[in-house]
Amino acid sequence: MRTTGKKSSNTLVRDLVNVGIFGALYLVLSGIGASIGFIPAFIVVSTCAVSLVTSVPLFLFFSKVERPLLCCVLICTLFGVVMMFSGHGISYGLLCVIYGVLAGLSLKLFHKNFVGCLLANVMISFVPSSMMIPLWSSTEEYLAYCSSVCDSAYIAHLAELSSSYWPLIGLFGFGAAGAVVGGFVARRVMKKHFERIGLAQ
Amino acid sequence: MKLDPRTKLFLALAANGMIFTAPLVYSLLMVVVASILLLLEGKWKFVCTFFFVYLTAGFFFDQVKNLDIGTSGTIILASLFLMYRIMPACAVLYYVITTTKVNEFLACMSRMHISNKVTIPLIVMIRFFPTVYDESRAIGNAMRMRGIRLFSLRTLKNPVAFLEYRLVPLLVSVTKIGDELSIAAVTRGLSTDTKRTCVAKIGFRWVDFVVIAYCLIVVCAFFNVIPGL
Amino acid sequence: MNISLKNISFSYSDSLDDAILKNLNLEIRSGECVVLAGESGCGKTTISKLINGLIPHYHSGTMDGDVLLGDKNTADMTLAEISRTVGSVFQNPRSQFFNIDTDCELAFGCENLGMDPEEIKQRVANVVQEFHLEHLLGRSIFNLSGGEKQKIACASVSATGPEIFVLDEPSANLDLKTIADLKEIVARWKKAGKTVIVVEHRLYYLRDIADRICYVKDGQIAHEWTPAELEAKGAAYASSLGLRCMNLGMLNGREGVILSEACDVIVSHTCSERQRGRLAKQSIMFDNLTFSYHHKHPILDIDRLELPCGQITALIGHNGAGKSTLAQVLCGLQGSWHQKRAARKHGTYLIMQDVNHQLFTESVLDEVLLGMKPQDENLALEILEGLNLKQYAENHPMALSGGQKQRVAIGSGISSGCDVVVFDEPTSGLDYRQMLAVSATLKKLAASGKTLLVITHDPEFILNSCQSVIRMEHGKIVEQYSLSGHENQLIKTMVEC
């Protein structure tokens, strides 16, 4: 009598396919969540919307993967690579890898219990939040470039926005808060639905 | 005029890596090369539309900057301006995406010795987008039949429930498809142990070297302007 | 290459107490075509998974016994090695392909095994010629029909040149014409000397190809016959075992084709405005059902559709005839504003082929209450009782079996106050008993006064439950007739295709 389906390169393929699928879902849902950010007043809140909406699929993802560290790194890297091709530098890609490692480690250390999943969710919420960093890190070049095309009032506004780091912290903060609230919502949804269906492990 | 996918990747990276920070001339130079390549592929309709929209928008922003439209007006303008900035990058991306087949892309990934662990999720992701769309549409139809709409009283009273109705069937469906996909893949020999071969023929030709040289020249010329690469 | 399963016991859980296969022994000789038949849940799919290596390498569970391919034990081989010898084709076309276009998909299996690109090109060219797939080359897989996808899947697996083919209900989502193509593919494999194992409910298309049929019951192989022996035993014997018929031409002689039996009625909830005119009507008319994507040639071109009230009408036709589009337009999910308004006026509801798209809430009772205005729990419970679901009122809808989920969807439709219910292939992949259960539910619905339109490829089901037939071709209605007295016409149309 022996156990079948042990962890092996075959189950690795299952994990990789899950990364691909939930990666696609994450991209689509974060895009929808971020579209709220097109309304200028809501830019800071958009990260909150993104992390709220993506919490439920992420929690399901965490429960399904057998190798949390690898899968978190991969999903964040893939997101980073896709974003790299739409205007964010290589440094953004590296940041994503770091967030992925942190998320995977949280899952592993806490053995995928609720705290671990919550922490991982917060780490991953930093990924879309970090997309806005260029506004602060390369302000001078951006402003210099803008002044050639825009008027001084607009420049003054931008300078005001990026003069202090508070809005940036606000972005990350909102993102993390959304991730925490989303985590509680996700746990309820998991209990209500996925555990009863038998999808979550 | 077939370019090796690696050249296209390099072009995309060079063009888009610096959207937010590089000066306008940089973006325009990139657009020029993308337009030439697109014209060689025969997509002159896209190139014409693109230039028309881009130049009109540029003219518009040029005129508007002298007007005084107040704080909120400026903020809206700033957002539109951001989208305007992204347009050149979109042109380059359009070229890369529409002229590269998935198996060529994979072949170039394996040539660059990127492990299977990254390429498999990428294949799945690319192949999965249309499926997510189809499933989502079917669920949307089912919701409409039951009278659950986005802008209705019921949704306003309970937005979390709306999210639940939208997401839960999608996730169940997606998980099931994912399981079936992995089983199909694994029974067809997909594994991280064996090295995959590719039918697609890729290789560098003189066009590739021209494009790469061009990109390198442009990047170096503006090197002092590009921050912290 | 011979296959032997020796003393196999397997369970999907941690212990062998609830084993799905108990001490099973099976020997398959090289070049044989074996059909594994049996009711749902009997373990035939598990046997196929033992042969293609998913058990023990992929699915978790507990196992005892050995599986030998030739003289090698599958437990000692990796799945990649096993896939060189065993090729698998599964039931659902939509989740078998990994690539976006057909050329890449055909080469996919060979690429995975690390073959030389020139050799892969040669193999793909051979397989395209063998299976007559020239017209499918260079196309996006998302634009193919289910049957074409399944053919590409078979070809892609064939290109790697395995000795053994394992097919898990390959005909489940296909129409009769594509099943004929599938039969040719299996025949070709057999002629080339390959061993083919098919897990199936629909036995008729393998009548001339299979060497033997193994009937699996309670985790054992209970019976073994040749197709001729099973056919000789008669239709009644086959249906007592839960098997579908062996010979479509024999369908007419089936017992139990009672079309007007009295049955219970499901309490329903109808919109009051419609109720006034309903009792007097003989048939429901749908006008102006034309539809096309982007003003190209019309997919649907029907001036008037007349459905007899309170009856079950079957809608048949080849894949691509426009049946699903008709269903969507009738239910107001696609089409112009007028068509959507007409759908609301007539109160149409669609039970989709994949019922998972229609289940939203956390309990069956909530599901029925969801579409109800105003919400009345007692009425909901009555509806559930009529559908034999009252005991599952607190269960999660997605945790139920396929047939039960279908009934939940029907219940939610009833509570939304619909009058016309359209079913999209309700019996694909079901065994005989499950098909009869669906048939009983639909007859109950019709007796309650609903008008039903069923899109189906299942002739047994049509003869069992429908009163009239509509046939579609290229977006137009070609014929419409009442079934009583015209059964031969139906069978002739479906068998000839």
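Here are some notes:
Just so it is clear, A, B and C label the chains in written order, and each chain counts residues from 1 on its own.
Just so it is clear, contacts are C-beta pairs under 8 Å (C-beta built on N, C-alpha and C of every residue); 3 or more make two chains touch, one makes a residue touch a chain.
Treat the numbers as computed from the prediction; the structure is a model and nothing was measured.
The greater number of contacting C-beta pairs, out of the two interfaces A-B and A-C, is seen for A-B. Chain centres defined as mean CA positions place C nearest to the mean of all protein CA atoms. Centre-to-centre separation between subunit B and subunit C, using Cα means, comes to 37 Å. Centre-to-centre separation of subunit A and subunit B, using mean CA positions: 18 Å. Separating the centre of subunit A from that of subunit C, both taken as means of CA atoms, is a distance of 39 Å. Residue positions of subunit B touching 2 or more other chains, listed in rising order: 123-124, 164, 168, 172, 177, 181, 185-186, 190-191, 193.
Annotation for subunit C: residues 58, 78-79, 398 touch two or more other chains. In subunit A, 9-10, 14, 193, 197 are the positions where the chain touches two or more neighbouring chains simultaneously. Across the interface of their complex, subunit C is touched by residues 101-103, 123-124, 126-127, 130-131, 135, 138-139, 141-148, 164-165, 168-169, 172-173, 176-177, 180-181, 183-191, 193-199, 201 of subunit B. Contact residues on subunit B toward subunit A in their complex (touch as defined above): 12-13, 16-24, 61-62, 65-66, 68, 71, 74-79, 81, 86, 89, 93, 116-118, 120-125, 128-129, 132, 160, 163-164, 167-168, 170-172, 174-175, 177-179, 181-182, 185-186, 190-193, 225, 227-229. Touching subunit B in their complex are the following residues of subunit A: 9-10, 12-14, 16-21, 23-25, 27-28, 38, 40-41, 53, 56-57, 60, 64, 70, 74-75, 77-78, 84-91, 134-135, 137-138, 141-142, 145-146, 148-151, 153-154, 157-158, 185, 189, 193-194, 197, 199.
The part of subunit C that touches subunit A in the complex is made up of residues 10, 14, 16, 55-64, 75, 78-79, 362, 395-396, 398-399. Subunit A makes touch with subunit C in their complex at residues 1-6, 8-11, 14, 192-193, 196-198.
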